[in-house]
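Heads up, the next two complexes both have chain A, just with different partners, chain B and then chain C.
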Partner chain A sequence: MASVSELYDVGWEEMRDKLRKWREDNCRNSEQIVDVGEELISEHGSKLGDDIWIIYEQVMIAALDCSRDDLALTCLQELRKQFPDSHRVKRLSGMRLEALERYDEANKHYDAILQDDPTNTAARKRKISILKAQGKSAEAIRELNEYLEHEAVSVLYQSAPCFPCDFHSYGKAAFCLEELMMTNPHNHLYCEQYAEVKYTQGGLENLELSRKYFAQALRLNNRNMRALFGLYMSASHIAASPKVGAKVKKDNMKYAAWAATQINRAYKLAGRGTKENKCSVKAVEEMLESMQITMS
Partner chain B sequence: MFLLYMNLLEGVASAVYSRKKAYCKMLLHAAKYPHCAVNGLLVAEKVKEKKKDSHSAPILCVDCVPLFHGTLALAPMLEVALTLIDTWCKENRYVIAGYYQANERTKDFRPNQVAEKVAARISENFSEAAIVMVDNSRLTMSCFEPIVLIYDHHENKWKSRDVNTDCFEDWLEAQKITSALLEGRSYENLIDFDNHLDDLRNDWTNPVINKSVLDLC
Partner chain C sequence: MAEPELLLDSNIRLWVVLPIVFITFLVGVIRHYVSILLQSDKKLTLEQVSDSQVLIRSRILRENGKYIPKQSFLMRKFYFNNQEDGFFKKTKRKVVPPSPMTDPSMLTDMMKGNVTNVLPMILIGGWINWTFSGFVTTKVPFPLTLRFKPMLQQGIELLSLDASWVSSASWYFLNVFGLRSMYSLILGQDNGADQSRIMQEQMSGAAMAMPADTNKAFKAEWEALELTDHQWALESVEDELMSRELDLDGMFSKELPTGIF
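Coming up: the complex of A and B.
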């Protein structure tokens, strides 16, 4: 099998930079990380300097995702040798045990970290993840709630969007996203996710809130398609609601019409030149038209 | 291809066949996002009106449209997807006939609230809508056996039925193709609706994968 450097004609520096980009963007493309990282470590390890330790960590976690316990153990052992008393490495040991479904042993690792350092967020997060993996949703929510009440830690809030999926707790997800928006006011993704949660909760008030936050997300990033579609859907539903007055209806029809124009424009731009995408453009046009019929 | 026989006891049987690409794309979607839940729609060819008291003509499940990965429980994009895909179906004389889901946890293959809600919505237009759940724990490269569970709506509950290779027409072809695509990591090129929303040029009808399936036939 050809090496990564042969297949893609890249040098070791490009591979190292790619790994860094994936770290910064928090990508979970584990198979690629394993392919690139394993080759980088084995062929060019000596050139990496101190970068090698963070790469070992990154590759180890990706290896767990790919059931490559051999590779994970190799990376872990190197890290243990270099940082014998580190909590960070102990957490990685715990993660390996989680991957092997040895949850009791993993929990012992995390409890040991928390005894030394009760504020260690990473360990607490792992314990909650174990509960989630075991399907103990109710307990996981309890633990998370307890922790959120005592600590304003954005790292934990970031796991909030998973709330509705597993825990049917849209209210809690909304609360966490509100905190995230406060500390990251320029992040269009949090605005848009918040709007989606509000929309899902339903009811006129939530719909209006969702429309406002979709609009805000668009102000922060006018190419966010989810925000654009969301604005269209929320405004359309408000306009179609029997509970709103004539002015609100008229305003929302305006917003929806604007959004529809933008959506059509975005699709035409994307569809330029490709035959297949033309069917998407047509489908979107028809969809928007059919929804306008129900509004009026 | 797989066949779903419904209500055999009551003598009103309808068979739902699935083309190989529907089964393949479903598994490729699950393989692309091993750490997430994934879901999608199953699409069938529209048939003429059934005559009463006779066996219904078989319904051909021609394709599947992968929808989302990660958070499945948020409404707005799901509504957009359902409406858009419905429009696309009408243009191609198809109908949305079912819903598939692979849960986040390996050992969890039960349909959850999201699955039931979407299926109920689909049932409004297609009374025999089925929920297809992927059994993640049996997902392997070789795919020697069908790894789906099929749930039908009976008396207000979703009940699973037995699925074995007898229910599949040309199972060996489907197995061979799916296995080849998994080995070749074709799932890296699979586009779901989420990918489409990230970049509109990503085509959720997956022409590239469809061609690969055709080439392998």
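Coming up: the complex of A and C.
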């Protein structure tokens, strides 16, 4: 198999810069990181200088993701040799144990770190992920709550909504998503997820909220198809509800109609240049018809 | 007015001016590394961390509260600010404002600061004064009154000499302050050799509010939160959205970026 540098005709500096960019953007493209990083370490290790340690860490975590235990172990050993007493390296060994499913030993590692330094956030986060991986969701939620009392780290809130949704406590999920929306107001995915939670909760007020947040998600990102469908669904749901007044009904039908035209446009664009164009557009229209909530 | 221009021996330039510059610079660099070595570890307690997190949460609520529904905003505001039960009202941290005399860690910090900064300056200033005495070193480019003479011309007993001509001790002090920008260039910002900054801090330190005084911080946060109102950013979002067609350009373009580079 050709090496990365041959395949793309890049030098080691570009590879190193690419790794740095991925590090700064927090990308999780583990396979690519492993490919590039492995070659960088083995071929050009001496040229990297002090950068090599952070690259070891980055590659090790990516290797754990791709199940490359050999590579992870090599990186870990190098780091241990260089930084024998470091909490950060201890956390990495804990992560490797987690990947090998030796959860008790991993827990012992993290407890040791926390004993030394009770404010170490990384260790706490790993403990909660262990609980999650073991499937003990209730305990994980409890630990999460306790942790959140001490620190409202937004990263934690990101993993939080999936728990309550598993347990149908949508109120808690909504709370977590609100926190996320406040810390990242321009992220359309949070708006959309929040709107979906509100839609699932049901009730006229929640439907209105969900419609508004679907619209906000669309405003932040015009191409969010899920939000577009969500807008259509929530608007037609409200319009079909018997409790609303005439004006509200009219408004919502207008919204639903607008959403439908946009959906049609999108599908036309998607099917551009293919023979099945007309058929798929018709299929979309039929689908929209069938999704109409009718008064029963 | 024709001042008699003194012609200084060029040896002075070689053996006095330049050595003083080097000495000052090297002493500064050494001070920087010594201060790094002597730096004491600041350990945060769990309570301090959670307090700072609460303050961050409240600040985010104030700034971005308009993106969440009104009900949720009010609920959070109530949690923080409620008369009997609110977090900011209820929590009184037992904070002893760390005065320099009582808090031992502060005392050692101050001592270390003094030792590394003020003491060398005095010692070296005195040594330079003693070594390079008896002659004029340089001339400052602006005219000075006679009252500066005893200060700047230590060791030169000439009554008629213009006050602009200064001795080596004053050249040393000029260097201490002048090399500050050099230090930033070479050692990066926040370096331990930056004496004038440290002296400024020491002078204003007495008037500065202690960041450990969380009660005051809570009170300030409470007031700020009381004043914030909820202006929902999503009031007319649908109309804004539907005023024009969605921008679907390039959504289904054939070219997808592949590969790493």
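Criterion: the second predicted complex is superposed on the first by the 243 of 296 C-alpha atoms of A that agree within 3 Å, B and C clash if a C-alpha of one lies under 4 Å from a C-alpha of the other, contacts with A are read in each partner's own complex, and residues count from 1 in each chain.
One rule holds for everything that comes next: a residue touches a chain if its C-beta (ideal position, glycine included) is under 8 Å from a C-beta of that chain, and two chains touch if they have at least 3 such contacts.
Remember, predicted model here, so these are calculated numbers, not experimental data.
By the document's definition of touching, neither partner reaches A:106: not chain B, not chain C.
In the superposed model, A:282 lies in contact with chain B only, and not with chain C. When the two complexes are overlaid on their common chain A, residue A:14 makes contact with chain C while staying clear of chain B. In the superposed model, A:63 makes contact with neither chain B nor chain C.
When the shared chain is aligned, chain B comes close enough to touch A:200, but chain C does not. Legend: residue contacts after superposition of the two complexes on their common chain; A:233 is shown touching chain B, with no touch to chain C.
Contacts of A:270 after superposition: both chain B and chain C are touched.
Within the superposed three-chain model, A:260 lies out of touch with both chain B and chain C [touch as defined at top]. Shared contact residues on chain A (touching chain B in one structure, chain C in the other): 266, 269-270. Listing the residues of chain A that touch chain C in their complex gives 4, 8, 10, 14, 18, 32, 35-36, 118-119, 149-153, 174-175, 178, 181-183, 185, 209, 211-213, 215-216, 218-219, 222-223, 228, 254-255, 258, 262, 265-266, 269-270, 272.
Interface residues of chain B, counted against chain A in their complex, comprise 34-35, 37, 70-77, 79-80, 83-84, 87-88, 91, 104-105, 107-108, 113-114, 185, 197-201, 203, 205, 207. Chain A contributes residues 28, 31, 65, 133, 135, 161-162, 164-166, 168, 193, 195-197, 199-200, 202, 210, 225-226, 229-230, 233-234, 266-267, 269-271, 274, 276-277, 279-280, 282-284, 286-287, 290-291 to its touches with chain B in the complex.
Residues 44-46, 49-50, 53-54, 56-57, 60-61, 64-65, 67-69, 72, 234, 237-238, 240-242, 245-248, 251-252, 259-261 of chain C are the ones that touch chain A when the two sit in their complex.
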